[in-house]
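Next, two complexes with subunit A in common: one pairs it with subunit B, the other with subunit C.
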Partner chain A sequence: MSKANQKGGQVISSAIRITGYSSILFVLLILFFLLREGLPALASTPLKSLFSVRWYPIEGYFGILPLILGSLLVTIAATLIALPFGIGSAVFLSEVAPPWLCDILKPIIEILAGIPSVVLGFIGILVFAPFIRRFLDIPTGLTAFTGAVLLGLISIPTIVSVAEDALNTVPNSYRQAALALGATEWQTIWNVTLPAAKSGVLTAVMLGIGRSMGETMAVMMVTGNAPVLPLQLNSLFRPVRTMTATIASEMGEVAAGSQHYEVLFFIGIVLFLLSLVINISASLVSTRSRGRAERLLS
Partner chain B sequence: MSSTVMGKAKTLQRIGFSLLGLITTLTVIPIIGLVLYIVVKGAPAISWEFLSAMPTNGMREGGILPAIIGTLYLTLGTAVFAVPLGVLAGIYLAEYAKESLLTRLIRIAIINLAGIPSVVYGLFGLGLFVLFLKMGTSILAASLTLSIMTLPTIISTTEEALRSVPNSFRVVSTSLGASKWQTVRRITLPQALPGIVTGVILGVERAAGETAPILFTGATFFLPQLPHSPLDATMALPYHIFIISTQIPGMPVQIQYGTVVVLLVFVLGMNLIATLIRNRARKNRQW
Partner chain C sequence: MRRFLILSIFVTVLLISGCNGQNTPSTETTPPASVEYIENKGSDTIVNLALAWAERYQTVKPEVRISVTGGGSGTGITALINGTVDIANASRQIKSEEQEAAKAAGYNPQEFVIARDAIAIIVHPSNPVDHLTLEQLSKIYKGEITNWSELGGEDREIVCLSRETNSGTHVYFLEAVVRMGSGEDKSIFTANALLLPSSEGIIAEVKDNPNAIGYDSLGYITDDVKLVAVSSLETPDMFILPSLETVNNNSYLISRNLYMYTLDVPTGAVKDYMDWILSAEAQQIVSELGFIPNIN
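Here is the complex of A and B:
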């Protein structure tokens, strides 16, 4: 082995070390630039009007409450739609379906994960929204519900794959013990396997929620872009506006450094912090449960 | 009596399993339906002219060449930055990092990068690359933004691929006097290569289909000519789909579906290649 070769190896090794830390650097950079552009919003817009109920930037109203509630409404509805399908499919794939069927079904669900959200938004506008309008007989098909269905579809692959992983890590001895005691497979799934995979399934749900909340294009295209407070009973079937859609549709038209620009970045900070909370708690739930499972099995 | 209890439980199981099967079918059918519908509606629009000509008459006629070329540039640009960085960072986590507070911080950072909404990446790219580093709305700024977004996928799959290589390979290599880097380069990396390539393709594929991160960092409504340098703005397929389905009245439906088909073929084609590589590697694996 030559000296030069050895030296090259050392250079590469230190390069590897440095790139290893790059993820931390990027998270900090993202936070820094969001704060740098978005925090001045607190100076230019009083907190009281920032958290008011009117978003009408042309006349200087920057109340982000309708946007936050819009995101919340669409995300909750999407999660409720995605949950039964996501968890149900995960249980079916992991506990019921024979391997050959899994080999067919899993790639199809992976295809869904690969379809760009703008394509789903496109189908939403051209096919799904008109269908909703006719089916429910409402003035427009561009509603929170339309967005929630698309978002549900988008978050299903995440929920399925994480929940299926969680179910697969449940030791087979659990299932065998239940079956040996005379439980049917169905009883085993409900009373043993699913409870044992509880925290992994919870992680799946949380990641699905994160996915829905951060989705932009599909939601922007089909929810009708009306920044109104969605507090009535029928709000689900009316146009709304989410935080992500607001940034995407308005940032292109504002001057850098203007009040509107700052507030849009401020919404970005809110989104960043929300995704931070969701993802950190999701990973805490899954690491803690892994620790518990290891203790139980040792 | 116990036989009727058993019978009831069996019936319940049959109902339950059918229900799960039904739910899964209801999940899968819309996916197949969606892809087939788009292909059937869009295929007639595909012609050599559609793929190779510039758009004319306010994009209502002609082809979509600049959007195709733009997406190719952005995909390549993303790969140029994200692949070396992501693969090296994955090697660090799998082969070099010890369990420490710092390593835990790195993992938390990766999880967070993966969860940040795509439009927030767009804001970040606007703040850092477009404005602060004065790259302007450009292919360069958009590629950099997309590559940071792609990083977590590439890092995680690289790490996973390396970790699946049995430890005995490393032990043998080290016992023969190889240094850490020599072991990585000659032993573990080649073994993990198919897994890494799969991850890279899946990551870059996701970037190719993204719209929100390039909205304010590199995408433009219309270009009369192809971009000349990395500092030019560009058209891109996902953004073009957004434009022709929401911003242009009287857009012919066939061109809309045709554009969607081109993006789908591009993205799902990459997906398919990644899956094939993974399956072949699994079959040929000797450990």
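Here is the complex of A and C:
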């Protein structure tokens, strides 16, 4: 009996181990596939034309610089919009709001997370873009800014839920100690609770950034997709084309193995590397700050 | 290429076996007629027309099931070359590279002109500009004219709208308007041109934005936007609005053929369907949808 149990336990634990390792396998396979399909682009397209400023693939212009900068512009703007809202809501939910209000707000934020991005794109194209055009008096409402606002909306729920979890793990004794020393509620939040939860909050922000950078549909619908180099002062209020929108709208048309196909996969590699950098820097920041916190406590 | 082929064969086999499994009971109830499937994919311009045809064909031959999807002319032709569809819809002719790819895959695509279409130039109803020469249009889309005041309109920046590059309409517009039909001209759209993923997106933006100019298939134009009359290079003073008559007598310049491509010389159900499409009954539906019938 106990032997059978032991055997069963071994089977289950090895099955669990396999599922754990499988994620490594999947990432490696994806990376391998991306590299195999995308790296030939470096051979077929000279670096000089790959990093030029004009993207018009059906006539052989493969400059991906406008696409990279377009993605960066939209992502950075979206993060700047989502950051105060996301962390503010997390702090409010975990530190300030009475429990009954939390019970109402949390499900609503989850609903926001569940809205398909294509629906937000629709609202963006029909309501928000015309509003932005009239309000700011710009030539068209299909701009990087419009995309950034939608992306902000999309990444806020991610930031709120992860940051709130991080704030909840801060021991209550920290807050009680701060309050006992005569700190106000705001001072406690700003100087004690938030710094203690710093690594979790940073992870939340990084996840939010990753979410915005990878989002495709909403961005494709509202940013106008013009492959302009966004280096002017007013570029935020002009159309841009992002890497994700480019891949999504052009992947269907290309013949497998053609130069255009390889360059699209190369864009995929660039996206992969960018999100890798974000993830690595997130984990570096969080482990470093945890190390410091542990030193302080000991 | 090869991998895709294997994959698509695999998927098709899965689909067929799946369909067989599901259909076993129904074939028992209706024994004689075996159901045939036709996969039809491609141009977003043609998709509504192809859907209308597929629906009507149900009443003509109920035993044939036709599934229609859009995605763009390039998408349809790529699917045809990959062998995943029986008929590809295209609003442009097949390119020589695509023809070669199909030959390499062992196919011999056949071309059918199934209708004609005019590309209408549209602006916001409040825009005072109501006619443009082909050269002016070309300059607008090349980014050489950037303000409506240069065309007798208000002092507003021009926002040019275009379909994505996988659209046959985009390619046609590039050749016929931006390059004004000249084969040597290698100019391309301005980087500032907005590339919108759908016809609806273009209509929605033009309807709302007084700065915008767009182009779209005549079949998609609604009353919320204003048509612009266009003149040809030869007769720059004669401005003509797109309509059934002006396309048929070739006086409206920006018009083109719409195509369907089959994998090989069609046989069986696909042949019957193609024959029916060119019949008077099916061509009647063409004009109902705002396109121009192919009278041969």
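Heads up, the rule we're going with is that the second predicted complex is superposed on the first by the 260 of 298 C-alpha atoms of A that agree within 3 Å, B and C clash if a C-alpha of one lies under 4 Å from a C-alpha of the other, contacts with A are read in each partner's own complex, and residues count from 1 in each chain.
Just so it is clear, contacts are C-beta pairs under 8 Å (C-beta built on N, C-alpha and C of every residue); 3 or more make two chains touch, one makes a residue touch a chain.
Because the structure is predicted, anything quoted here is derived from the model rather than measured.
Once the two complexes are overlaid through subunit A, subunit B and subunit C clash, as defined at the top of the document. Contacts of A:Met221 after superposition: both subunit B and subunit C are touched. When both complexes are overlaid on chain A, the residue A:Tyr56 reaches subunit C alone and has no touch with subunit B. Contacts of A:Pro130 after superposition: subunit C is touched, whereas subunit B is not reached.
Looking at the shared chain after the overlay, A:Asp165 reaches neither subunit B nor subunit C.
Residue contacts after overlaying the shared chain place A:Gly252 against subunit B and subunit C alike. Put subunit B and subunit C next to each other and count what each touches on subunit A; the higher total goes to B. By the touch criterion stated above, A:Trp186 is placed in contact with subunit B alone, subunit C being left untouched. Residue contacts after overlaying the shared chain place A:Gly141 against subunit C, while subunit B stays out of touching range. Touch criterion met: A:Leu112 reaches subunit B, while subunit C stays clear of it. Taking the listed stretches 45-53, 243-251 or 279-287 of subunit B in turn, the superposition on chain A shows a clash with subunit C for 243-251 alone. Applying the stated touch rule to the two superposed structures, the overlap between the subunit B and subunit C interfaces on subunit A comprises residues 125-126, 221, 252, 256. Within the complex formed with subunit B, the subunit A residues making contact are 6, 9-10, 12-13, 15-17, 19-24, 26-27, 29-30, 33-34, 36-37, 84-86, 88-89, 91-93, 96-97, 105, 107-112, 114-123, 125-127, 153, 156, 160, 184-187, 189, 207, 210, 213-217, 221, 244, 247-248, 251-252, 256, 264-265, 268, 271-272, 275-276, 278-280, 282-283. On the side of subunit A, the complex with subunit C involves touching residues 54-59, 61, 66, 125-126, 129-130, 133, 139-142, 220-221, 224-229, 239, 241, 249-250, 252-258. The residues of subunit B lying in touch with subunit A in their complex are 9-10, 12-13, 16-17, 19-21, 23-24, 26-28, 30-32, 34-35, 37-38, 85, 88-89, 91-93, 95-97, 102, 105-124, 126-128, 131-132, 148, 151-152, 155, 179-182, 205-206, 209-212, 215-216, 238-239, 241-242, 245-246, 253, 256, 260, 263-264, 267-268, 271, 275.
Remark: subunit C residues 1, 3-4, 71-72, 74-75, 78, 81-82, 97-98, 101, 156-157, 159, 164-166, 171, 174, 186, 188-189, 191-197, 201, 204-205, 208-209, 211-212 touch subunit A in the complex.
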